[in-house]
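The next part holds the structures, each set out as structure tokens.
Here come two complexes built around chain A, the first alongside chain B, the second alongside chain C.
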Partner chain A sequence: MREELAHPTVPSGAPAEIDLANVDLPERNWRIPVIVAVAVVAMVAVGWITTPRFVTVDNALIVIRSASIIGIVAIGLTFVTISGNFFSLSIGETASFSAIVFSFMISNDWGVAAAVVLTLSLAIALGMLQGAVVAAGANPIITTLGAGAALFGLAAVLTDNKTMRTGSDVADWIGQGRPFGIPNQTWAFVLLTVVASLVLVKTPFGRRLTLVGSNAATATSAGLRRGTIAIAAFAIASLGAGLAGMFTAAQVGQGITDQFPELNINAIAAVLVGGTAITGGDGSMVRTALGAVFIAGLDNLLVIRGYSYGVRVAIVGFAVLVGVSLFTVLRRKSV
Partner chain B sequence: MADPAERPTDAADAYLRMDGISKRFGSIQALSDVSFEVRPGEVMALVGENGAGKSTLVKILVGLHRPDEGRITIEGGEVDLSTARRAEGARIAIVQQELSLVPTLSIAENVFLGDTRTSTWRTPRRLAALTVPFLEAVGLGGLAPLREVGLLSVAESQLVEIARLIARDARVLILDEPTAALSDREIERVLQVVRSLRDEGRSVIYVTHRLGEVFELADRVTVFRDGRSQPPLPVSELDLHGLVERMLGVALENLYPDKSKGLGEPVLRLRGIETPGLGGGVDLEARAGEIVGLAGQLGSGSAALLRAAAGVQPRTGSVSVRGHELPPHAIRHAVRSGVVYCSADRKVDGLFLGRPVVENLTSTAIGRVSSFGWIGRRRERRLAGDLAGRFRIDRKRLGSTAGTLSGGNQQKVALGKWLAPEPAVLLVDEPTRGVDVGARSEIYEHLRSLADSGLAIVFASSDMQEVLGLADTVATFYRGRLVNVSPVAETTPADVLREVMHPKGRTEDVA
Partner chain C sequence: MPRIRIGRVMASRLLLAVAVFGYFAITDDRFFTTNNVFTIFEGFAQLGLAALAIGLTIIAGELDLSVGSAAAVGGILAVTWAGFGLVPAVLLVTLVGAAYGALQGYLIHRLRIASIVFTLGTLIALRGIAFLISNEDTVVVPDFDIAKLVKQQIWIFSPFSLVTLAVLIATAILLRYSRWGREIYAIGGGRAEAVAAGVPLWRPLVLTFMLSGAMAGLTGALTSLKSGSAAPGGFADLLLPAATAALIGGVAITGGSGSVLGIAVGSLTLRFLISGLSLRAAPFYVLTLATGVLLLLVILLELLVDRPEARQRFRDWRARRGKEVARAEPV
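Entry: the complex of A and B
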């Protein structure tokens, strides 16, 4: 016993005998991405077999366009969730507000470039504001719920509940253009997924965001800035909402206060079905993107099959419950 | 069973006996062939390191775990304790570390909570009348039985729990670290009650980390180590040193590294520090190559001093590092200036349990492994590999989530990450909490070699032996005040114990 314990020698910082840079780190939780991918494939397969109209080129374009809108928002929202701030419940309202602002600027001939820049800047500012309130210690759910209601009311007052029309060729192109046959929204969605993935995994900001979400107390004592991270996360989520609002306003040629009645729930569903940890600290942009495709496809399939709004919402809700339960069990096992 | 050569035990005189108890959880053998006994009218202390198997044994006794092997007898007859209800039927009861009273109910309701023998129709007044004798038995005669439990102090709640056991007429009372959160006057009150329970002929199993209490209270002591029991020994045949050696399984001299080879210039200077939990304006210095140990019980102010110096909690007074003054309550500034703090509870604010070890190790130096807004994979792994090497963390585990490591390895990661910013001062609160003996001696070695490489290390510990074994300079704390600072060579365990427990009171030596 004494020999075993007596005076272990401490090795110096000598170079490792194995080159660590070349050692593959084990992939954690490989089951979660597989399950998400299988869910998407299964959803398409079921649609294919049961509903011939589901897999036509026209319908596929509808699905990917709506998946892109949900996805753009969900990608931004994923930053909030991974940072440990749960969700933003003002996403749909921010998107509607942005759609109105964008339409107003276009219709008043501010120029498309100015309208794009100003709309997105305003969205970012709205997100930063909410992030700052959360950083000061407020509950993120309550804060964004309140902010969403305020934005909705403000939009209603400003527009006097009238529809803002865009009426501009360039704006129409933003909303309806299809370079190489793919809608602009989808290009933006794919690009955003790639950029967001890189930001999350490869940049110091993404790492800090993940660590703060994993354990806020440890992050604080390690000298990471929680507040700054929260502000940035909500700004990104709000930027996603701004993009969604702008694209949709340009696509349909108008902005109204209740333009996105289901966006909050669909975007949250996409994040959850994508297996992002609700408590923060773990998640993936690619999985969120797949989650968005799953939710949009499922909703579309149900629409084609003639289910009512209530049934659709119930089924999406059920899918979220199944996903969340499954991922929670898997996560518990792996730790 | 007990080695007959060591101490002859008369099988007949034990009230409760456990023989050949084994219990396995997955791949972990929690208990192997353990024997344990307690006589009527006896306080049997149960001591051992964290993970030695004490709580598993206790849980078997109260029906929360079922042993894989072995038999349990009460007064010679075999008993089945496989459920909590059966254990209660055998009149075995426990007061746990975490209080299990319902804070919104009255004392009387709590005392009779879950007691199937009292009628549902008892009025509060009659219940109160029934409660009075039990409250008197634990020295709480002055309390109104209808008072809400949430309004009581921790010590009073602890005593109400004991009253509850008496109300159920438990013959075997298990007290699991009842004094962990109490001040010493309150401790004295609890100990007094325990003595009177023993004098009534009940058997008390007293689980504790405070070895002083073993000598103050217990008749015999059973030491657990690595899931095995040692034969019970009368406390009168032991001293503190011998008891610690039995717990650790290694002579104290071998557990701790050599002292400092030579002290350099003062690196950390604290002047007039006051902070929540610590008053009186503390002055303290730590020199390069020096390990300063802060000895004190929970809430003595030693941990508060570390947190204040690190900028984790607010303070008044001055903290300077190599002549550079640190602003109060500014963690980032402190880290940049070379002062880092490793917290006592790695699960709360020491580790990112859900993230890989690599990310934990580099979490304090993300900027250093990045350039142009990009984390360098190779640089990150090289830094993590280097830190893992210096703290002997298995490199194959670098990709595992931190939560899957053993306590000792988790602690090494929690400490190791603080070497990434290349600190001048390392502040460590409870460096070996929840760490097994082997890993403890390793952590001590690492801390010493860090000090030898020029760091100043200040650590706080409620384990007096650890402070004496590891530190070059000992500072003692009591009730939010610094009591004394002296080189380790000029102090004794008795001095330290007296200073952290009863600075002006009794002077008798338990060691």
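Entry: the complex of A and C
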């Protein structure tokens, strides 16, 4: 919430029409991707040396699959963070809501295609609504805190807080399919990472998003519409949550209000460990993906080593604390 | 004119509290009874401290997301130390909370890091610590007399709600009449101006987070001692009602504005609503739904009524749209 000194991206007094392809984006700090990569490699190396069972094909698939759901959500969330709107606290609730809606549609024979399209459309609409409130000037954290509670309550009221079963195996393939031996969720995670990277780096939308996040005032005076960007960013984040909800509902055959109790925290942790600047304007989808792999891998390693839940949560918390502190200090030094 | 604005906001929030109270008092004759008012004050005792903990950080232009986890750790420590006696255990937990908060505030200042990310880290880490120090299980007081001591009914009050009232009054005096308290408003309202005017940034930051940590620990300690037990996963949903109460009470999310009286009124309003719904046997998720919707309404209210710049932004947006339609070319 503290105003950080903005990066000087566009000289003040720039003309209203700017050539988005030739704007200098804030200079990247090369140390951050190196640190993220080293953290992941170090985690794998420590696992390899201390725990032979950690680096096996079977276990790698387990880690990648659990990283996939966190990762799909974290990729969407990265758009929100880069746009300078911190993060969303309603992602887990949106995912649960989507899981319930999807299960309801499957159980009532609406057809898989209709269920997929409608669930994801609803998720996007929920994100756009929250984005619109944020675009009007509301605080994103508080807005999504309220929206998350409302969504949780609404889902519980609609289902009487009972489990909504899909009651049919027509959607099983979505959740359990393994083309070439790799789960659908993981394909989706990899595909999303690539597409999101291209959108962020190569498209005018991605460059606008980065500009607005790195220097809101300059971007506004240069004619970029912050509101539209915020709405789009929250819609994308919500779409990620919808995908996570749909995949999980199809996988386990049910949706329930508290299906994703730790998704908010884990996804935000993945974005932060991936070194996305919380002040906006700097982030990368590949780093977020690595962040998700790091969080999932660390948790898996600690489980295999027999550490209790408390130790695991505490270690993830300290990883986030050390990561964000280090990245904040490094970023300031580079300017 | 800030003073006039606070007056207007305060009046509207008092009116809201009276309206909610009046509605339930008229429609439900179980609502305005000594026992139910006692119950409302019990809920207020817990919520008021949590709302104050978050509200203070919002006034300072920051946000402490870790209050729920800090309260969980406070609860477990208090139950574990209950053998020392009620007052020593509670005081000790409050001191530990204050020390933790002061350290957090110092690090946020020293690293110049956004408090939302730093406190998100401590939110996760403290939750892990709560599980660690409790051996992943609910801890129970050795002697339930201590629970009876905390929750004994004195007319409509209990020792718990009296402590909360005392803390609220003390904090109000600190904020209003002391230089250190005024500095919290100064850095929340205009940080650059405050620093330029010679406010040492570390002092209000450390003080704000110290108070926030102490109050989170205190509310966790007293709530847990009252029930005689503490669960490591407890207080996970404290952030929602606490932030809602603070914002109902007129604390501006943009920082620099708000009052302890407002936070108290906001906490009471939310407890009136929760109590009224609970009397009608509403399940917990309806209470969550009501709180979430209320928070969204307060956000919209603040956008539309309290903040002229939001209306200005809307007008700008409309004007820009008109211009673009006229130009009829994509940006």
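The criterion applied here is as follows: the second predicted complex is superposed on the first by the 304 of 335 C-alpha atoms of A that agree within 3 Å, B and C clash if a C-alpha of one lies under 4 Å from a C-alpha of the other, contacts with A are read in each partner's own complex, and residues count from 1 in each chain.
Operating definition for what follows: contacts are C-beta pairs under 8 Å (C-beta built on N, C-alpha and C of every residue); 3 or more make two chains touch, one makes a residue touch a chain.
Just so it is clear, the structure is predicted and the values come from calculations on it, not from any experiment.
In the overlay built on the shared chain, the residue A:I141 is in contact with chain C alone; chain B does not reach it. Of the two partner chains placed by superposition, only chain C is touched by A:A150; chain B is not. Look at A:I265: by the touch rule set out above, it reaches chain C but stays clear of chain B. In the superposition on chain A, A:L321 contacts chain C only, with no contact to chain B. Once the two complexes are laid over each other on the shared chain, residue contacts for A:A113 go to neither chain B nor chain C.
When the shared chain is aligned, chain B and chain C each come close enough to touch A:G223.
In the superposition on chain A, A:R207 makes contact with chain B only, not with chain C. By the touch criterion defined above, A:V57 reaches neither chain B nor chain C. Put simply, chain A uses residues 1-2, 4, 223-225 to touch chain B in one complex and chain C in the other.
Interface residues of chain A facing chain B in the complex, by the touch rule stated above, are 1-2, 4-14, 16, 18, 20-21, 23, 25-26, 28, 202-205, 207-208, 210-211, 214-215, 217-225, 277, 281-282, 334-335.
Residue ranges on chain B touching chain A, taken from their complex, read 249-251, 254-255, 257, 312, 331-332, 335, 341, 343, 348-356, 358-359, 363-364, 366-367, 370, 373-375, 377-378, 381-382, 384-386, 389-390, 392, 395, 398-401, 403-404, 417, 437-438, 441-442, 445-446, 449. Those residues of chain A whose C-beta lies close enough to touch chain C in the complex are 1-4, 17, 86, 133, 136-139, 141-143, 145-154, 156-157, 161, 223-225, 227, 257, 265, 268-269, 272, 278-279, 308-318, 320-321, 324-325, 328-329, 332.
Against chain A, the residues of chain C that register as touching in their complex are 61-63, 65, 107, 111-118, 120-132, 134, 136, 191-192, 232, 239-240, 243-244, 247, 253-255, 283, 285-296, 299-300, 302-303, 307, 309-310, 313-314, 317, 320, 331.
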